[in-house]
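Take a look at these structures.
Here come two complexes built around chain A, the first alongside chain B, the second alongside chain C.
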Partner chain A sequence: MNVDGKLKLRKFLKEALEKHGDQGELSDSESLFVSGRLDSFSMMQLVMQLEEAFGLDFSTVDFDVSLIDSLDEIAAFVDANASA
Partner chain B sequence: MSLPSAVPSGDEPAARLGARFGRVSLRDRLAIDERAPVVVASQTWLGQSVIFLVAVLAVSSFEDWWQAALLVGLAMAYARLPNYRNGLLLGGTWTAALLALCLSQNAIQDNIRAMMVVENVHDVSPLALGLLAMAVFFVGAWRVLELSRRDKTLFVARRPMLALLGVEAVLCGLCSLSVIDGLPRVLLWSLLIVFTPYLWFLAYALADQRSRDASPPIFQMGVLRPFWSPTFLPFGKGAAFLRKTFAKSPEELAVTQIKGVKLLLWANVLLLIKIALVWAFQEQLQVPSLEAAQDAFLAGQSHSLPYAWAAVILSTAKFSLQIAFWGHLFIGVARLAGFRLPRSTWRPLGSKTLMEYFNRFHYYFKELLVDFFFVPTFFKMFRSYPRLRLFFATFMAAGVGNAIWHFVRDIDLIATMGIGGALVSFESYAFYCLVLATGLGLSQVRMSMGFKPSLSLAGRLRSFLFVWSFVVCLHIFSDGSRSHSIGERLAFLGSLFGVI
Partner chain C sequence: MTTNYNLAGAIHRHGLHTPDAVAVAYKGQSISYRELAQRAARLAQELRRSEHWQAHDGQPPRVGILASRGIDACVALLGTCWAGATYVPIGLKLPEERILTILSLCKLTAIVADADGAKLLGERLRAACPPVLTCSANDAMGEEIDSIAPAGQALLADLADAPAPMAGSDVAYIIFTSGTTGIPKGVMISAAAARHYAQMITRVLDLRASDRALETCELTFDFSVHNMFSTWEAGAALHILPATLVMNAVKFARNAKLTVWNSVPSLVGMLRQVKTLHADSLEDLRVTVFGGEALPESTVAAWRVAAPNTAIHNLYGPTEATVFCLGQAVAEDTAITAGRDFVAIGTPLPGNEAMIVDGNHQAVPGGDSGELAIAGVQLADGYLNDPQMTAARFPTINGKRWYLTGDLASVDASGVFHCLGRIDNQVKVLGYRVELEEIDAHLRAVSGIDLVAAVAWPTVDGMARGIVGFLGAIAVDSVQVIRDLKARLPAYMVPNQLIALETVPLNQSGKVDRQALRRLLDQDPA
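Then we have the complex of A and B:
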């Protein structure tokens, strides 16, 4: 994932966190979903965002939340699975 | 340092306004977990003793004092003795399960006894059958977890929820279709009764086996109905979630324990509110129970409209307070053990949409439905139609998943009603799930289309009235009495609006 993509992703996640009343910092390796900072519905919003932006197909992946639990993990996941 | 909130906060503008005028809000006064001296003091022997005593007092509203002391002591020992954690967790959880089976009047023995009466089996004790079933379940669960960890291609490893519901259905079928009679049927029934409360915990444990960083087997077995929440619903989800949320430093642990005590005290406040409501409305003003109001309506002796409405609203309030009380109690004790878990209920009155209400009211129930019904559907179905995809996945979770969870929870009714009777009497709750799921699905789609509820006072009031009118009216169909049909409940609802 390029720098621009990661910046957009960070913006999306920060907005989601703010919607959850979480104004805290977000580091690249910080857990988002397993830690409870974001809930499962936010995860689905993220999935839709990733599908749209990077042409990912989650139905072909043996999905586990730890695959997209932090900014770093999302970037690695996108790099490994993006079709475009 | 604050515990992450799982649900949106809606009070920031009000808090900022208060701060601007130099007022210290009650919330700020109660935020003792944010004061460094308190956090430091709570880590001393004296601080720990105070936390223990207050927590025991708070939990005593639910358990006998000695059980409360054991529970709180176990939780705090788990937090403070890292070298013994696995042993304490496994031993505590399964000892609690055995004590619950052996020492008190309990549902497991009652349900086994009910089938023994049906099958005319009298020469074994229900306790012995319960203990045997628990031993079989323990060994079976351990073995299944081991197998699914070793071979991830097994069906139970790939589709844990389907596999477990399949086992439940087979056991249920064997016990209810008179394929087997006498002692063998009672034995299978005992296994079904012991297995059922563990079903959703085991589903989380099996799902965790697939993750890259699976939890150790002892920890997995220790959080199957862990000692802090011996219920049907996994408060704190599964082992993976619990491990990630565990406090990572002495300061975090101290803050988590203080938050735990606060939550336990808040649970007691809610209990007091519930008692006060019952005293004021039921005992002083003679507002009937929902069931009594429906009975009176059906007998042609309806209460006056204000009393009938009061019955519905009071029943909803009591139910909501009870759900919040349970959740706070379980999460409070889990926090004493060091798990930084989000609250189960978080200001549901502040919900601006139906979806937000569902998220705020019963967080761990919603998470379970999302994890096992929403996510699999969302990934597989209608991928080219985003709105239909969102609606259908929400429907599968809040409708189908919700109905399955509640039917499975009340599986014991099969002993007395038979499978047919249990299904027929479930029609009203199934209808409730259908309407709730449709409402939530539409709410989700509306949000995805960019709808943002107004944050003005009038807008908030409108949202409150819409959300809670929906919840109160729908509550008529969700009460657990199973004594009225859909038609009777619809007629009662119509009478509240003067239609019938």
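Then we have the complex of A and C:
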């Protein structure tokens, strides 16, 4: 994933966290969902956002929260699955 | 012989007759009926040994359950039942303020916590708490945290000892729901109502000992009463979905070969959106229970594709009438509520009655809409410490006690009930009952702004997914206000966003016009 894509993602995640009243730092490797910082509704919104922004189709992947639990994981997942 | 209405009776029975059958499974571990009965009986012994153990005005002692989902949570709850006490679930995710409010309302004799619950107890909470027992599989009797006497010898309880006798009128559990004044309401359900529900619904759904049933709910949501006690009544296995696997619920159910699915319809809506609901992926399912929210027709259609062999039951009910009191199996020709695309809520389940009343509590003529009222064995005793509210919501009409649900409904020509919405500002967010006025009250308190309104938004398939708060102000420090609200309210009641409006739309009676605010959001999603 390019720098621009990662910035966009970080912005989305920071906004989601802020909506939960969470202004804490977000490192690239930090757990978002398993840790409980974000809820399943945010997970669903992230999935929809990723589909739209990167042309992903989640119906073709074996979805698991560990695929998208941190910024690094999301970036790797996008790189592996994004349509050209 | 007098009947023992203790809810733990089913565990004792199966512990004696099918001791090795799995009662609960969670994260790769499971517990048999024998072990579950033994652990519950030992916890009960420990609770009853406490010097604080005492009845309240002829009612059993109350025990708070501070536990997340899992086997230990089931033991905590069943041990409490086994001891003959009233259980009061306290959500782990609740803010400290909310827990303190509940503690002050309940006068608990003890709290039973699982490992997560025990960790949560900070100094401030500890000071307000009765004695706390931890209940953990690694240390079956629990380390002693507070003043309860040490366990002594770790004797395995003898299953010859049945659960403590409970009368039908003893309160089995108290579940808190949102209250319009800003203080949660404690709904008191008798042992007779709870036991009737478990036995009745097990028969209606034809649950069997060979079933493997899904648990998706926290103990604070009374849908969990259905999931646990219908499964255990049948001697079947309860498979608890870990919170992190919610979006993988289908894979979870498929791998565990579940035969019974229990969830709110909006879970299926979310699974559809993350595309984890695949055709024919749930072929082992034979019973599906959707409840807690209106059931969209589109959810049923998607579910039939994913789970081709299941009967689908749409169940309706407020906490005040013990989980579900109306329902029907959904067939191809099942009535859809006109203009709402929801499946009709069916007819009263055995032991329940329903009618539509007008503002003067008079039955309305056939077909007209009015407030849905419920009567029968499942009615709650009322609200904890609130006789006024109890009298207002549970009036006696023509010599019989009814509960006024606040739901607007009608009956069609074939006697099927249709839910048409609310007559007040209560909404459901992911199945949880939320009084919008309760959020208003807290918004006002933390922001210092008088003109405020919470609305349920967005809605997907007609169901609310979150809350948006409006404040009559030029600007507002959203992050701070949300953080303050989080300290007071359960997460599902905290707005996802706040919008400052210089002019807040008012309706003819001078109140904030929530409809207009919702339209504003629909036009211009922020």
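Simple rule for what comes next: the second predicted complex is superposed on the first by the 84 of 84 C-alpha atoms of A that agree within 3 Å, B and C clash if a C-alpha of one lies under 4 Å from a C-alpha of the other, contacts with A are read in each partner's own complex, and residues count from 1 in each chain.
Everything that follows uses one rule, which is that a residue touches a chain if its C-beta (ideal position, glycine included) is under 8 Å from a C-beta of that chain, and two chains touch if they have at least 3 such contacts.
Remember, it's a predicted structure, so these values are computed and weren't measured experimentally.
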I'd like to know which partner A:37 touches here: chain B for first, chain C for second, both or neither.
first
Chain B and chain C contact sites that coincide on chain A, given as residue numbers:
19-21, 34, 36, 39-41, 43-44, 47-48, 57-59, 62-64
Within their complex, state which residues of chain C touch chain A.
243-248, 251, 270, 273-276, 278, 430, 465-466, 478-479, 482-483, 485-486, 491, 494, 496-497
Touching residues of chain B toward chain A in the complex: what are they?
4-10, 12, 210-213, 240-241, 244-245, 340-342, 355, 359, 363, 366-367, 370-371, 374-375, 378-380, 383, 386, 390, 393, 444
Would you pull the chain A residues touching chain C in the complex into a rising list?
18-21, 23, 33-34, 36, 39-41, 43-44, 47-48, 57-59, 62-65
Residues of chain A defined as touching chain B within the complex
19-22, 24, 31, 34-37, 39-41, 43-44, 47-48, 51, 57-59, 62-64, 66
